[in-house]
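Okay, got some structures for you below.
Below, subunit A partners subunit B and then partners subunit C, in two separate complexes.
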Partner chain A sequence: MSNVNKHMYSYFFIIPAAIIYTVFFLAPTVMSFFFSLTRWTLIDWEFIGLENFKQFFSEPSLMIGFKNTLFYAFSTMSLKVIIGLLLAVFLCSKIRNKNLLRSVVFFPALLSTIAVGVVFNAMMNPTIGIINKGLALIGITGPDWLGDANIALFSVVLVDVWKGVGIATVIFIAGIMAIPAEYYEAHKIDGGNSFQEFLHITLPLSRPALNTVIILALIGGMRTFDLVWAMTGGGPGFSTDLLASIIYKQYAGGFYGLATAGNVLLFLFVGLIAFPIFKLLNRKEVDL
Partner chain B sequence: MSIEIKQERTAMLQSYDREIQSSVKKKKDLKLLSIESFSILVALVLFGIPFYFVIINSFKDVTEAANMSLAWPSSFHILENYKQVVTANNGMVLRAFFNSTLITLLSIITMILVCSMAAFVLQRRQGRGSKFLNSMVLVGLMIPPAIVPTIWVLQSIGLFKTLPGIVLLESALHFSFACMLYKAFMATIPREIDEAALMDGCSSFKLYFKIILPLLKPVTSTIIVLSSINIYNDFENMLYFFPGAENATVQLTLYNFKGMFGTSWNLLFADVLLISIPPLILFIFFNKKIVAGMTAGAVKG
Partner chain C sequence: MNKFKSKIVKVLATSVVLSTLLAGCGGQDKASSGSNSKNEQVTLTMLIGDTINTPGFQEVVKNIEQDLNIKTEIEIRPGGPEGENIVKTRLATGDMADLSVFNSGSLLKTLNPEQNFVDLTNEPFMKNIFDTFKETVTDNGKVFGAPVSSSQVGGWLYNKRVYEELGLSVPKTWDELMANNAKIKAAGKTAVIGSYNTNWTAQLIILADYYNVHAQEPNFAKDYTAGKAKYAKTPAALRGFEKLEDINKKGYMNKDFNTTTYDQAMKLLADGDGVHYPMLTQVLPVIADKYPDKINDIGVFPQPSDSADVNGFTVWLPNTILINKKTEKLEAAKKWVEYYVSEKGIAAYSSKSKAIGPNVINGIKVADDAYPAVKEMMPYFDSGNVAPALEFLTPVKGANLPQISTEVGGGITKALKGAQMYDKDVEKQAVQLGLPGWK
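Let's turn to the complex of A and B:
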């Protein structure tokens, strides 16, 4: 059989993909570890050891990227999990129009991030934006969503959740639909209420969906660039700068070595946070 | 014995159901109706208003659009606004549409061919080498591209700021995702088909092109729809790897218009609307495919 294997499934089929993937993704990734240790002009490089990393950790305008990225990734993830799960349970219940509502919730996920950023930028205008005008109708004075350094990052988080919660919702819906109906029937015979049903059946048995949402949202959050760049450009000050936007700023300033060091830190950051969580979640998986 | 119990149970369930239904039906109907209308209202406020806001403001003139209100326009400037957007900067928007479409199309053709071939062998051969290759594929799902080294590689082989360069790059960056979907689907195609083809004297190339690739059609269409939306909406990679005025792409054009049009919100929103049309069309026709692709793996974990 192994002979047949070699004959039929020749590694030759992998070669085109391997070349493209290696040249355009894997090789630059490996190279980045070297170039992060240099002062680099793209034509010439000078080896300077850990100097770039030292600069990253000593300058507050660069350090803030870690804190912001961490906050951004975890807050978007938690909001997407909570809201997505509640929406999914609601959209799997016996209401009418649920297909319409599912589509409505899901559609923003397909829109361009830049377009969403531009539109919310206008709506979040502190004086004439429709969000604050709407809040004024019910007697609330809305904040300066994107101009106040204390809440600007959270405003971007809210827009990210608005755009991305649809993906979390459809994943949860797929997970809930896969739960065999017998479990619910048995629960009904035992006379449990719907909250217990959610707690003891829906929640544990949609675990694979939950894991997928957590991992996708965390990795997506840590890599975010477009939305922040379209909405705030990292400002006011550096209050909404994420690692990805800091990398862009260093790149645009011509500090290629420093930008690459930021890139390496982003890899490590994603690896150090996403990988253990991935392992932990998979260990606790419940078998159907 | 067990059949009897089952029947008894179903009968019990049915009578139980009927009892509940008749007694609480009226109350439940009213409750359900109020929940339904409330949810529609919330959805309308959260998702409907932003769309209405963009559409209505793209119809106004500059001064009225500057108010950024939801008010009905006093006069409509639909043709005028859209004409201005399309002709701005010598038809930059049209060029951007052309470029983005071309990049999306070519990247997808490359991806489909290359990724399905790789997934075919990766799924069928389960050895130690295959395991290593699989983990390499997984890396691409997690880690973002290394920006400056990628630019350096593109420059060294003379593909920076060129169409082939961005096409190959987009294919490389979407490789992992497509490969995973293909592998999952390939697992449902029985190996007996391969063996039968072999018995009939099929070469492995013939097997792949004549038998496997056609069988992959459902997942291929999912990948086409999802990747075309992703590549069309891509801003970051176009910004880094395909810059320059000649190389206008839709998302970059919109971003530049943000600075260029300044406070001409009517023009900016008209551009937002134009850009959102292709994803909207895909969504209307391929809603199920898109959801299927995004939820792949959610059930199995």
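Let's turn to the complex of A and C:
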């Protein structure tokens, strides 16, 4: 009987899915590993071993991408976690217009990233932008948000957080709502204050949500391209260049082999950082 | 059940309507292309960058349809690296338009012209075209393209009205220019307009300095191509980077140069709030279009060198019209190009768009109603004090010069370091092209 069950479906059934997966996912992946070892002009290629990778690590305008990407990913992730968690706790408390406020927080996540980038680019203009005009009203001279190489990356981080915190908040809200009310009742009976409630019940028990947010935000941050490209194009100079924008520029410059090598590096980079963190976080999860 | 049936009917009805609509479109297309006059009309596709599509260009296209019965379907692509990518991808996938317009000089070499475009060396219409232009579209001894517009210069556009108000005269040396800048700054105006938000504009001070490099190091382009001369190690070439740094150090640029765009810069110059703009003269028609009453205030002078004896313009040769090697309508395409560079074609072009510099075709003079800035540059051409920009003399051009220029011009990086970065950057291009002398 069990034998019959095992062979009820023929292996032919997986062929359509397997073909699509091979043609569109497996083959390009394998090919990209190959082309990253070549000097490629789309028409012909020359095998050059690890030259492309060497170049990526030796050129300062390429190396800066690793530093910027790490900074970008970790700072957007931590800000999203902190702000998102606080907002979620606030939006789960007994307040008026809860649903309206939740929508307001989530609203930026619905906008197109490019549109957000273009709009903030205009708002952050140092002379005619609305942000600095607003600051001028209260007597503060705002900085050149995107033009000053020292703070440009941070300005992009802020916009990314503004746009992405809504999703983090929604995940946190779901996590907090899933905590059974008994814990809170027990805590009330024991006479704890609300800070203790947050620290000992809400925070540990919304751990799955926290892990999801961390992983999503981190991987998202490391792969970011559109927002940076719309806001600064990697500039001024190379100061806001992330790995993805650098790879795009190599591709645009016609260095297809180098760009492919960059993508392989980005893949390894995301894997090397995200995978251990994922393992570590999952170990600390507790059952409800 | 009834509901289900009516749904099916609806779906069927919609698809019938849709299919007739589609069929209708197709039918109309055929009808319009077949019914036209005497001989059968040919339709050519043409891929051009957005800046090429001037009223003058459109006028020639219209005339070609009238006179030759060749219809041109224009496809517009963006300029810059994104546009280059579109061209490269379409060539690689065999999906190129019959005609296309692309940069002459170093960028054309990256397209492998011999494999992709029709050899025009022996076409009679190429005889009238200047050799200086032909050299920039030649690969392995074959000429591949015809000019799409007049040439132009890269130099310092300036506001003549403000120059008069402040009693300034056109500088012959870099020191004189800096002295003018000091006076302009003291008068409360922006001396040098920076528009680094459009980052390619930041390169102009380096690129427009090439006449001066050429005057002091006549072999620079050749040695540079061979990998022997470097920006960082050739003092004359390094000057371009130093001049860029100089402007920033003295604080002569608008405060928000990093966020100012190309379009905003033109307004600053036209209004006289900014007095100098290192730029290509391709901005002239745009200024004439947007601020018609101000175009006569705009003049241009060459980027000065350190000595008054060396003073001339760096010239940008026009983009080039290319014929796809895989086209099935070669005869029509050749006729198209022949018409475009004929007297008729040029007359049609200049009836709608004025020249931004001298033409590169024999016997075509600069018109009497040319922009004042164009008239101002003519004496330099007449006396031969001009040199093509480096990108027309060597295939070696790095992709990151805009970013490096914004770093040097923005005070992030020192001139020497910037030059070294650029020397490293061009290596990629040289190696990718397989030039001898590079590793």
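Here, the second predicted complex is superposed on the first by the 273 of 288 C-alpha atoms of A that agree within 3 Å, B and C clash if a C-alpha of one lies under 4 Å from a C-alpha of the other, contacts with A are read in each partner's own complex, and residues count from 1 in each chain.
Everything that follows uses one rule, which is that contacts are C-beta pairs under 8 Å (C-beta built on N, C-alpha and C of every residue); 3 or more make two chains touch, one makes a residue touch a chain.
Note that the coordinates shown come from a computational prediction; the quantities given were computed from them, not determined experimentally.
On the superposed subunit A, the two partners subunit B and subunit C both fit, without a clash. In the superposition on chain A, A:Val105 makes contact with subunit B only, not with subunit C. Within the superposed three-chain model, A:Asn125 lies in touch with subunit B and with subunit C [touch as defined at top].
Within the superposed three-chain model, A:Ile138 lies out of touch with both subunit B and subunit C [touch as defined at top]. In the superposition on chain A, A:Asp226 makes contact with subunit B only, while subunit C stays out of contact range. In the superposition on chain A, A:Gly147 makes contact with subunit C only, not with subunit B. In the superposed model, A:Tyr21 makes contact with subunit B only, not with subunit C. In the superposition on chain A, contact is made by A:Gly175 with subunit B only, not with subunit C.
Applying the stated contact rule after C-alpha superposition, one finds that A:Leu42 touches each of subunit B and subunit C.
Between the Cα centres of subunit B and subunit C, as seen from that of subunit A, there is an angle of 90°, stated in steps of 10. By the touch criterion stated above, A:Tyr251 is placed in contact with subunit B and with subunit C alike. Once the two structures are superposed, subunit B and subunit C can be ranked by residues of subunit A touched, with B on top.
Least inter-chain distance for subunit B and subunit C in the combined superposition, rounded to the nearest angstrom, is 6, based on C-alpha atoms. In the superposition on the C-alpha atoms of chain A, the part of subunit A touched by subunit B in one complex and by subunit C in the other spans residues 42, 125, 251.
Contacts from subunit A toward subunit B in the complex involve residues 4-5, 7-11, 13-14, 16-18, 20-21, 23-29, 31-32, 35, 40, 42, 90, 94-97, 101, 103-115, 118-120, 122-123, 125, 128-130, 133, 162, 167, 170-171, 173-175, 178, 185, 189, 207-209, 211-213, 219, 223, 225-226, 229-230, 244, 247-248, 251, 256, 259-260, 263-264, 266-267, 270-271, 274-275, 282, 285.
For subunit A in complex with subunit C, the touching residues are 39, 41-43, 55, 59-61, 124-127, 144, 146-149, 233-239, 249-255, 258. On the subunit C side of its complex with subunit A, the touching residues are 81-82, 84-85, 88-89, 91-92, 110, 112, 115, 196, 199, 255-259, 399-400, 403-404, 406-407, 410, 412-413, 421, 424-425, 428-429, 431-432. Interface residues of subunit B facing subunit A in the complex, by the touch rule stated above, are 12-13, 16, 32, 35-36, 39-40, 43, 46-50, 53-54, 67-70, 110, 113-115, 117-118, 120-122, 124-125, 129, 133, 136, 139-155, 157, 168-169, 171-173, 175, 179, 194-195, 198, 204, 207-208, 229, 232-233, 235-236, 239-240, 250-251, 254-255, 258, 265, 268-269, 272, 275-276, 279-280, 282-283, 287, 290-291, 294-295, 297-301.
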